[in-house]
Amino acid sequence: MSQSSVSVFDRGTRLLREQPGAAVLWLIAVWLLLDLVLGLASGRIAVSRVATYTWDGITLGLVLGLAGVGLSMTYSILNFANFAHGDYITAGAFSGWSTTYLLSGLGSNASIGSLILVGAGGTVFAGDLGINVAAQPLAIILGLVVAAVVTVLLSLGMDRVVFKPLRNEEGITLLIASIGIALTVRYLIVFVFQQSTRGVTANVPGWKVHIVDGVLNVSYHEATLFIVSVALMLGVHFVLQSTKLGKAMRAMADNKDLAQVTGIPTERVVRATWIIGGALTGASGYLIALERGTLGYNLGWLLLLLIFAAVILGGIGSIYGAIGGGLVIGLASKVSLIWLPEASFARPAAFLIMILILIYKPSGLFSGRSTA
Amino acid sequence: MTARETLEGIFDNDLKLVVGFMATLWVVYFVLGAVLGYDVNGIANALRGLTFWAAVYALCVLALNLHWGYAGLFNIGVAGFMAVGAYTMAIAVNPVNPTSSGAIPGFGLPLPVGIVIGMIAAAIVGLIAALPALRLRADYLAIVTIGISEIIRLSFKSVTLKEFTVLGKTFGTGGGSGLVIDNNPASFINDFLPAPSGLPVTQSVIEGWIYAIALLGFVALFYWTLARVGNSPFGRVLRAIREDEDAASSLGKNTPRFKVKAFMLGCALMGLAGMLWQASQGFVNPGTFKPELTFYIWIALIIGGAGSNTGSVLGGLLFAGVLFQGPLYVKNVVEKALNISGNPESLIAALQGPIEFLAYTLNNMGAIRFIFTGVVLIWLMQNRPEGLLGHRKEPAAAIPILGTQREQGADAVQADSIPDDAGSSGGDEQ
Amino acid sequence: MSEDRDVVLDVHGLEKHFGGITAVDGASFDVERGTLTGLIGPNGAGKSTTFHLITGIHTPDAGHVTFDGHDITGMEPHQVANEGLVRTFQIARELSEMTVLENLMLAPKGQEGEKLWKAITPGVRSQVVEQEEDVLDRAWDTLEFFEIEHLAEEEAGNLSGGQRKLLELARALMTDPDMMLLDEPFAGVNPTLENRLIDHLHDLREDGYTFLIVEHDMDVIMNNCERVIVMHQGDILADGTPQDIKNDDRVIEAYLGGEV
């Protein structure tokens, strides 16, 4: 029985009969798409508005994808959902921005201490330092690097101390342990850096792109995020496809037991997973603080559920799936603003999509292909 | 009897165990306060707070134990179901024509009716969540439940649902500001049992104490209900499902139905807990029901040991008394005793000297207790994942089945006979 | 078709494909009431899959299953069990954290205490308690029948392999089935225990129970079953008395290098 001979019509009617819920969802998706197209054509929906939402969705999606790669890989290779992942993001962001502040503020009269603490307690403000990528490119680049490095160290350290002794336990045990790490890391950050959310950038230059009926604002920082994310993803792609390590990682993500049997050194691959995943995670935390211009202790935790959504959507273990899933969730949560009555429904909408995916297609949208 | 036997004897009797732990905590709090010069009212209030928090956590952990310990359902959306209960009750009982400006009208129903409606609402939301999700594996169910919890919380927070009119009736969730609930279980009980006067503590502390004791009564009620659920054929099937659902269904048990029923009952109890806890503070807002709340309840469950109802109560007690309230109480007492009033604005400032560091630490006790909690959680998973009492197997039957042996040739079951040492393990016949 | 055969299980044209692989390819056979019938075949013949199809763990792509006159094709596993057709598993699925007694008391059908409200409500619970005592009695009876009373309070996870198989069988029996599908009930069981088990099965058969047994131990099947069905590559190869099967060239060829 070959699949290609089954027509779209047959599959459609089979879907309607067997999974009425999924059929309804497809209908809703089609209806929304029609509404969008008609709205754009008639001018009811401004093209520039859609462009803005799309651009916002892409930037958010890239962050979710970057952070999602690490989460997806550890989920698949180590078989548990790492709820500390959000706080790894936050740790990366704080360590990177601490560095950036320090470097930017060296000439100024702010104290070293208050710089390192990223202005904790209102001791120094971003406005005073005037941090943006045009004014302080070196500080930002170094901050990004430090963010990645610190997150790698944190991931490896936590794996060694917490997860390795539990290597053969059930996923739920590891999940609970990861919640322990999440709390510890998050509140250490609160203890050191305090709870308040602070602005980290100032006077950010940008471009005004004229689109049909309005303007799309693209800031330098959004562009930086875009460029860096894409570069990192290309780098990961290169590692996965062309290096021996990359192939081993793909094999392990696909089937750990088989990989072990064929002699792939698993602990080394695990370590590589934490390193690559950790670096991307730290970078994503730094970048999103850069793009938003604010930094708070809940940064990563608030993103975590969205990242889970992205990872699940893309299929756990699939690195390209995590990136794709991230973009889908990012776009969905921003573009849905066209139809949602208020902005605060964007997150619930994204969660709803995630729940529906888990119920109807838990293997992910991009499943059925080879993992990485 | 050796010390070990005495200790084990204490552990054998559950009520003694719980009362023992509670009493110990009371004594510790009392001594700490008295020795360091806290006044009578302060100590009375601290003990009231301890009792209150221990009770409300015990309620939540007992309900969660039904989901996870008995049925094996990994629900990390507890806060969401509590919110449904609390908010539904609030909307049901708030006056139709509120006197204060800006207050959202409700349905003006009597409190007992509001409580029942709230529990039903929580159960229905549980049903909606359960139907598609209960067949998912544990970690996926976890993600779905936390997603649902956040959808509920953020919807309650939205402007759209803040105040709206349906079929001519106006009501709402109050959006980000939440709802004031003057008519709540605490006020109800305080009207019912007025505080006696002439005692050396303030009126509000006495009223608080009366409510805390009422809550202990609810803890007993929850425990009684859940013990009956667990020690019954229903509980037996649940336990089988937790371990091996396919084995249970091959024996003819309609496992999805059991899971749904257990889930709905647990959610109804969580809704009730939400009413008894948060709603009784006089107001609710979305911030009250963040996922952190669920995680704290989980930590309490893990400490006490999933699967054991007594463990759940103990876990709630220990979490509330030692990890949650404890550090804050210690902070208050130490600050007062050592007369520490400074508040270094940052860690760097705090590093100037030991007093400054102590002051900084005390001011950030809230953060420290969660660092400590996280570490405890990790330690537990590595060393004692079954918690305090999780290793205990409560019998899965409505009648005593341990220590029952058949007399030679007789059919009667002797419930009191001394079990002989026939429990040889392993080894085939011959 | 002979009218004087009392057929309790009738399987007709069962098919199951997994992706590109055909596990069961148009299998048809029936089982008479009150018999010990064997189901044999080389590894991969489709025996376990057939059990899964009959008991509802998988849905057949084609074919029917009729049990005691009712069409049970595609029913959920718990529905099939409630019809009176119960199976045991190749790898025993004892509930290891529950005691042997609790395992047994789980099984019987129609326990009123399985209704949540009856378990909780004060007045009604006394009915439940009464029924529990009956169930406990039956559990003891079953333990005595299998001569494992001394294991009653033992956690099922502490039992040896053979004892777990026993428990699996005893537990399935507690559901008071009309027919049982036994998937390799003797695998990993020592010979003495195996003989006792076979004696028990014969006793039960005389009480009116029907058994369809998948086994690799050819002697057991040939010496105890009235009828033997042979599966090969998803289809029924041969179907007859042990004597017929032993002399069937096709069967011998299918097993070439195997156990016959």
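As written, the chain order gives the labels A, B and C, with residue 1 at the start of each chain.
In this text, a contact is a pair of C-beta atoms (placed from the backbone, for glycine too) under 8 Å apart; a residue touches a chain by one contact, two chains touch by 3 or more.
No experiment lies behind these values; they were computed from the predicted model shown.
Taking the CA centroid of chain A as reference, the farthest chain centroid is that of C. Centrality by Cα centroid goes to chain B. Annotation: 33 Å between the Cα-based centres of chain A and chain B. Note on chain placement: the centre of chain A and the centre of chain C lie 50 Å apart, centres being C-alpha means. Separating the centre of chain B from that of chain C, both taken as means of CA atoms, is a distance of 44 Å.
Of all residues in chain C, none touches two or more other chains. Within chain B, not a single residue touches two or more of the remaining chains. Residue positions of chain A touching 2 or more other chains: there are none.
By the touch rule above, chain A contacts chain B in their complex via residues 21, 80-81, 111, 113-114, 116-117, 120-123, 162, 165-166, 169, 171-177, 179-188, 190-195, 305, 308-309, 312, 341-342, 344-345, 347-348, 351-352, 354-355, 358-359, 362.
Across the complex, chain B is touched by residues 55, 57, 76-78, 81-82, 86-87, 89, 93, 95-99, 101-102, 105-107, 109, 111-116, 119-120, 125, 128-129, 131-133, 135-137, 140, 144, 147, 149-151, 153-155, 158-160, 162-163, 171-172, 175, 189-190, 192-193, 196 of chain C. The residues of chain B lying in touch with chain A in their complex are 74, 132-133, 136, 138-140, 142-144, 146-148, 150-151, 154-155, 157-160, 295, 298, 302, 345-349, 364, 367-368, 370-371, 373-378, 381-382, 385.
By the touch criterion given at the top, residues 225, 228-229, 232-237, 239-240, 243-244, 246-255, 258, 261-262, 265, 393, 395-399, 401-404, 406, 411, 413, 419, 422-430 of chain B touch chain C in their complex.
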